[in-house]
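Below are structures written as structure tokens.
Two complexes are shown next, each including chain A; its partner changes from chain B in the first to chain C in the second.
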Partner chain A sequence: MGRFILRRLLNYAVLLFVAISLTYLLAASQLNPRSLWELANPPIPAETIESSLRSKNLSDEVPLLQRYWTWLTGVLLHWDWGEAPRTGDVGPEIARRIGVSIRLITIGSLGGIALGVLVGAWTATKQYKISDRTITFLALAIFSVPVFVLISVVQVLATNFNDATGWRLFEFVGETGSVGDYPGAVLVDRIQHLALPTLVLVLANAAFFSRIQRNLMLDALGSDFVRTARAKGLPRRRAVMKHALRTSLIPTGTYFAFSVATLFLGSTFVEVLFSFHGMGEYAITSIQGQDVHGAVAVAAFGGVCVLVGATLSDFMVAALDPRVRVS
Partner chain B sequence: MTTATTSAGRRRTGAGDVVLSVRDLHVTFPSEAGDVRAVRGLDFDLRAGETMAIVGESGSGKSVTSLAVMGLHPASAQITGSVRLHGEEILDRDDAAMSKLRGKAMSMVFQDPLSALTPVYTVGDQIVEAIQLHRPMPAAQAWKEAVELLDLVGIPNPQARVRSFPHEFSGGMRQRAMIAMAIANDPDVIIADEPTTALDVTIQAQVLEVLKRAQRETGAAVIMITHDLGVVAGMADRVTVMYAGRPVEQGSVDDIYYRPQMPYTIGLLGSVPRLDAAERQPLATVEGNPPSVVNLPPGCPFAPRCPLAEEQCWTTEPALVEHSGSLARRVTAGPDSEAATVAGHAAACHLADRVVRDGLRYTDIFPVAEHAWSALEQVPREQRQPVLQISGLKRHYPLMKGAVLRRRVGTVYAVDGIDLEVREGETLGLVGESGCGKSTTLMEVLNFLPPTDGTITVLGKNPAALRGRARKELRRDLQIVFQDPMASLDPRMTVFDLIAEPLKAHGWSKADTAARVEELMATVGLDPSHVNRYPGQFSGGQRQRIGIARALALKPKLLVLDEPVSALDVSIQAGVINLLDQLKAELGLSYLFVAHDLAVIRHIADRVAVMYLGSIVEHGDVDQVYDNPRHPYTQALLSAIPIPDPETERTRERILLRGELPSPADPPSGCKFRTRCPRKLALPESDQERCVTEPPPLLPVGTDHTSACHFNDTDRHVDVVA
Partner chain C sequence: MSTNNPLELIDEMPTPTHGANAPTSKRLSRRQLVVRRFLRNKTAVLGLLVLVVMALLAVFGPLISAWDYRDVDRTAFLSEPDSRHPFGTTQSGVDMFALTLRGLSKSLVIGLAVAVISTGIAAVVGAFAAYFGGWFERIALWVIDLLLVVPSFLIIAIMMSADRSGTNQSGFDRFVSAAPQWIVLVVLLALFGWMLAARVVRSLSLSVKEREYVQAARFMGIPAPVIIVRHILPNISSLLIIDATLNVAAAILAETSLSFFGFGVKPPDTSLGVLLGVGARQATTFPWLFVPPAVTVVLLILAVNAVGDGLRDALDPTSGSGGRV
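Coming up: the complex of A and B.
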């Protein structure tokens, strides 16, 4: 058993190494940190720029492979992911941002997926009735509206609410703001800031997962074993909840696990528009800021997420589906 | 209704009382094409302890009837008429009220045991659920009952198996578990919808025994829905034959089998290949297809297929009525059992009186194809060239395990050393239960790849050694007809494109292709003007004819047929079998015919090989093997097959095999059949040792007949018939 786990991990490590190395070569040859200083006013002497870039291993006058080797040994020997052109070490920055991302997306995505699964399962039992058609319409509407439009709508509505009531109930800039000094104020403040982005994530995830779950559920509803359950004397509703839903959750489970990576890196708009400084935002800013090391670190993080997701989905299937578990 | 209590759901019937009474049942589904009138007026009474069979081909309304009685029909169905359980109307009850009856007063066994159990719960969970739904009791007690039920239906080691998931059960065991669930609450009515259709014959025989035992234990009335006339003959007391949503003949099982009055029933019985038919008697061909029940024209729905149809048949639909004189004049010679057939033989046919009066048989009514003899068959077998030679063929597969971590844990001995030979103009039947390796053998012949061991020679060449052009040429001479005519034809290609595809691949010119396609359509009995239609517009039998036309396109010498008729209805199947027979004679083809239906093989094959767990256990001339089977497995297989003759079925002695096919990954040592062999049990200890240690070779037991048993001569001979 151990040998097989080892082989699998080794596989993953090789895969990651290749992916990250390719990203480094691409980023280091395409991004141009020198441009950040060249147009500075007053002009900075070229030797100063060069020595600064060289000290950060970012100079395009050093051969690409030599830079790659320097970067690689740094990562492997010192776990040093390099320096951004302006803002210092990439490693600590990423560590901080992962925390922000986790705080942002956990409730929103888990809640959204749970809601989506329930709504999808329920609409499947009401196929082609008014309730099904209404929810289908809403889900497709949310689906087809770009996220930043959705966020703007939510923000406008929240502002109107705040103005109308005179409270500042909803906050939408950053993770924390002015904290009061009553007991539990820190928590309340965080919840106020988290409410709107969470709502957006719930809506987006619920819309997506409700469509998947509805289709899976329809397959399960027409299956022979639901008919068997009813023939035993289970009323329709209980047969559906007990036999169809459980079975149709299996594919959703794998889907969820695989979506881990997209969750972290896919919530860019939410982060930017609500001023959460998480991983999604960093992906954009590092590329815009000609930050070779930052961009590579983001790609590495994404790669790890995908592989963790793949492993998670295998275990998820094993947990949900006895046909796999036993064999 | 003789006893005191009347609330439906509790038992209150004595033997012979009417339990379920159906009157004028109509089921209609709205559809875009118009109303689908799936059931159009069905009446029957079912008495306690009685078994009634509903027989019919696909689309005749038999399954819809059972779902309507159970209240499990789709919500869109409109149902009228009356269904009374113990005298109480149940058709108007809502789902909540029906739930109290389902699984308690009425229960059901479904066709496909692979999909009818919920995969994520254990078998025990599902039986316990059925028990506790109707009889609240502590979990421990319910589990104890579940174990007892599994024991009753013959699951070995029920204490442990109750915790198994459905996928850990074989098909036959799952069907037993279904039956356990159905009888858990001592029902008054059990509806079995094609309960053995998906099972192998030896398992079918076991499951039918279990069903009979369940009926004895519960005293329930059984509705047996099936298309298999052999099963009906052995199980049913009374029979209702359905056609296009209507009962067309109703009566006791002897009436229906020995004195059928409706031409459809007569044709149906005549189109079944019989295991007990010694010489090759051609099958009745009921031309055409069952009608669509959307927008039925007036008149008898069978009229378009009925050679007797007269003026009135096209204008008025006949009522289901008794035709006098049916007792006095027998239609076919049957045993003396008038006493049992007094009342209730009715047929819906304007001409039934004439059928009865003139004693018409299927040979009098339906066109019967003469068995065509090919020129090759006149030549002695030894003088004909072999077209396929298989010697020492082995195919082993690695056995992989694990979802998260896949690894090899063993070897599947799918085919483990077999020798076969097909000569020109000959049909070799390869029979055996699922998992015996017959399909693997077939794929090895087609793959043109080197097998694990042994050699395959097609028309004197070794296909694995051929490359390029020579390989393609050999492909031309070897074609296949698949089992499922739905799946084997691309639904988005026209019939022309389908049949022309092999021609194009082999570089035929456009003009030649068109002519050849037209010729092929005519050869297989299809209308050449239909070449631009899509497969979806044809019925199952016609689609199989398209598949045959495609296989014949390149004028092959050897045709490999993988269960070509098993997916077809009986009356359709007969037409395809007759066609294959005729083609073989006309075109001088050789067939390698794989089937699990031994009756079909007897009908079509010249020689037969019986496979068990990757080896051939008996091999030889078809009549010698069937009339005088020497291997205990062949004997059991033949005795498991139901024969469409009630009298024979009643008196037949069955060899029931114990257990199921062992895993081909872990075959028993010595003789592979020894774990289930009834003959071994009768042997003295000293001889049994030999079965365990020494694999038996194929030993000659006749002029063209070999059997792989150390003790071919030591046992009683079991006749196929009686």
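Coming up: the complex of A and C.
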């Protein structure tokens, strides 16, 4: 067992190394930080640009492999992920942004996933009734709306609500705003800013997971062991909860683990459109700002997330499925 | 009637009216069964109708539209919908209706092309990996893992935002910048969209590979590519069809997402993503910039997903949606 886990981790490490290296080579050869200064007004002398780029290991006049080596030794020996062309070191920036992302996505995604699983399992027990058809169609509809369209609609509705009632109940710019002067104002302010992004995350996650869970639950409900349980005289409720739901949660566990891991980069739209300066937004701004080191660091972070998700889903399956634990 | 030919004897065998072989009702071929199951699903039929209408609009729309998506109406900048411009105009005085039509056709073409290419790659890689096994399979699975670890959105964004017009162009740069932007986008989306399906194809092919007819073909000395194309792929075609349909929706969503941030189709060409990228930021003040492309993209993806769900039900042999035959 120990050797198996070790071999697996080793494979993951190699995968990650190759993936990040390829991303670096791609980003370093495709992005062009020089262009940030070339069009400056008044013009900056070419030597100044060049020396500044060289000091940050970003100059395209240095051979690509040499830049790669400098960057790699920096990362491996000093945990130094390099410098952005304009905004300074990448490492601390990412550390700060991870915190922002966690604050933004935790409630919304966990709540959405739980809601989706419950709704999906419930609609499966009511297959083809009106409630099932309505909810399934709603889930399909939300699932089909691009997230940024959903966000825009929510923002328009919230603006109208704010205008109609005359309060600024919903806020949708940033994490915090003007904090009032009463006890608990800090908390209220945070909740005001978090309400709409959380709503969007809940809707999106619930739609996705209810579709998966409904299909899995339908399979489980039609299976022999549930019929056997009913034939033995088990009440329907118990047969559904103990036998069908539990079995159908095993594959959901895999999805759950992966989606938790990919949430950081998956909530890009929520972060950009609600001005939360988290990881997803960094992915976009780093590429738009020709920031080679930032983009590579985000890719590395995303890769780690996926592999953590893969490991997590193995544990999840082991925890939910007695057959895996025994063997 | 001659009975010299033994084959004719079989033709004249009486149909049993009772017993195990007696047909209980009209016989249906598999195709008829699938069509019947699909037609029974009203949502899917509606989705298919919407898709057909949209495809027709995308092809013939420019004929019914009074404006071209490149025309600039200098008398109407950012004007509300009226009789002259049914969907209003943009900031630069371009007709929104013509733009939406153009965006729709671009998004449809991108979605279809990506779906066909990526499902094709998935089928070939998955089936070959399962059939040959050994080192080929191991390498294929490793590459799949590698591509799953790399955040594809980021890579595509990097490739699309690269500046290829500079003085020190490499041969690769010239090659890429010679092709239209949207074709580059199609290739990139397809390259990063096949991995999960390839895994499923592989696991299904593993069981098909052990069937007697595949073994028989192999021992007859038929070359491997022919066996894969003739015997293995048709037997997992249900999965491939469903995968391709859902890939259309995924590709359209990916295109709109990338274009929203300016990493996809670039002006002066347009797509639903480009239009939404401009419109979503002004949705409160100038709703006509946002509503037409938003409604179009939602309808389009909803229709594709509905058709995909319907196909899944119709093609899945264990599905009960066909009713009793």
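Criterion: the second predicted complex is superposed on the first by the 321 of 327 C-alpha atoms of A that agree within 3 Å, B and C clash if a C-alpha of one lies under 4 Å from a C-alpha of the other, contacts with A are read in each partner's own complex, and residues count from 1 in each chain.
The rule is short, and it goes like this: a contact is a pair of C-beta atoms (placed from the backbone, for glycine too) under 8 Å apart; a residue touches a chain by one contact, two chains touch by 3 or more.
The structure displayed is predicted, hence computed values, not measured ones.
After overlaying the two complexes on the shared chain, residue contacts for A:321 are found with chain B alone; chain C is out of touch. Legend: residue contacts after superposition of the two complexes on their common chain; A:139 is shown touching neither chain B nor chain C.
In the superposition on chain A, A:236 makes contact with chain B only, not with chain C. Contact with chain C, but none with chain B, is seen for A:283 once the two complexes are overlaid on the shared chain.
Once the two complexes are laid over each other on the shared chain, residue contacts for A:224 go to chain B alone; chain C is not touched. Legend: residue contacts after superposition of the two complexes on their common chain; A:159 is shown touching chain C, with no touch to chain B.
Of the two partners chain B and chain C, it is C that touches the larger number of chain A residues.
Here chain A touches chain C in the complex through residues 15-16, 18-19, 22-23, 26-27, 30-32, 35, 60, 137, 140-141, 143-149, 151-153, 155-156, 159, 265, 268-269, 272-273, 283-284, 287-288, 295, 298-299, 302-303, 306-307, going by the rule given at the top. Residues of chain B that touch chain A in their complex: 70, 72, 95-96, 99-104, 107-108, 110, 112, 115-122, 126, 129-130, 133-134, 165, 167-168, 178, 181, 401-405, 407.
By the touch criterion given at the top, residues 1, 4-5, 8, 223-225, 227-236, 243, 246-247, 250, 314-315, 317-318, 320-324, 326-327 of chain A touch chain B in their complex. If you check the complex, the residues on chain C that touch chain A are 43, 142, 145-146, 148-151, 153-155, 157-159, 161-163, 166, 168, 249, 253, 256-257, 260-263, 276, 280, 283-284, 287, 290, 294, 297-298, 301-302, 305-306, 309.
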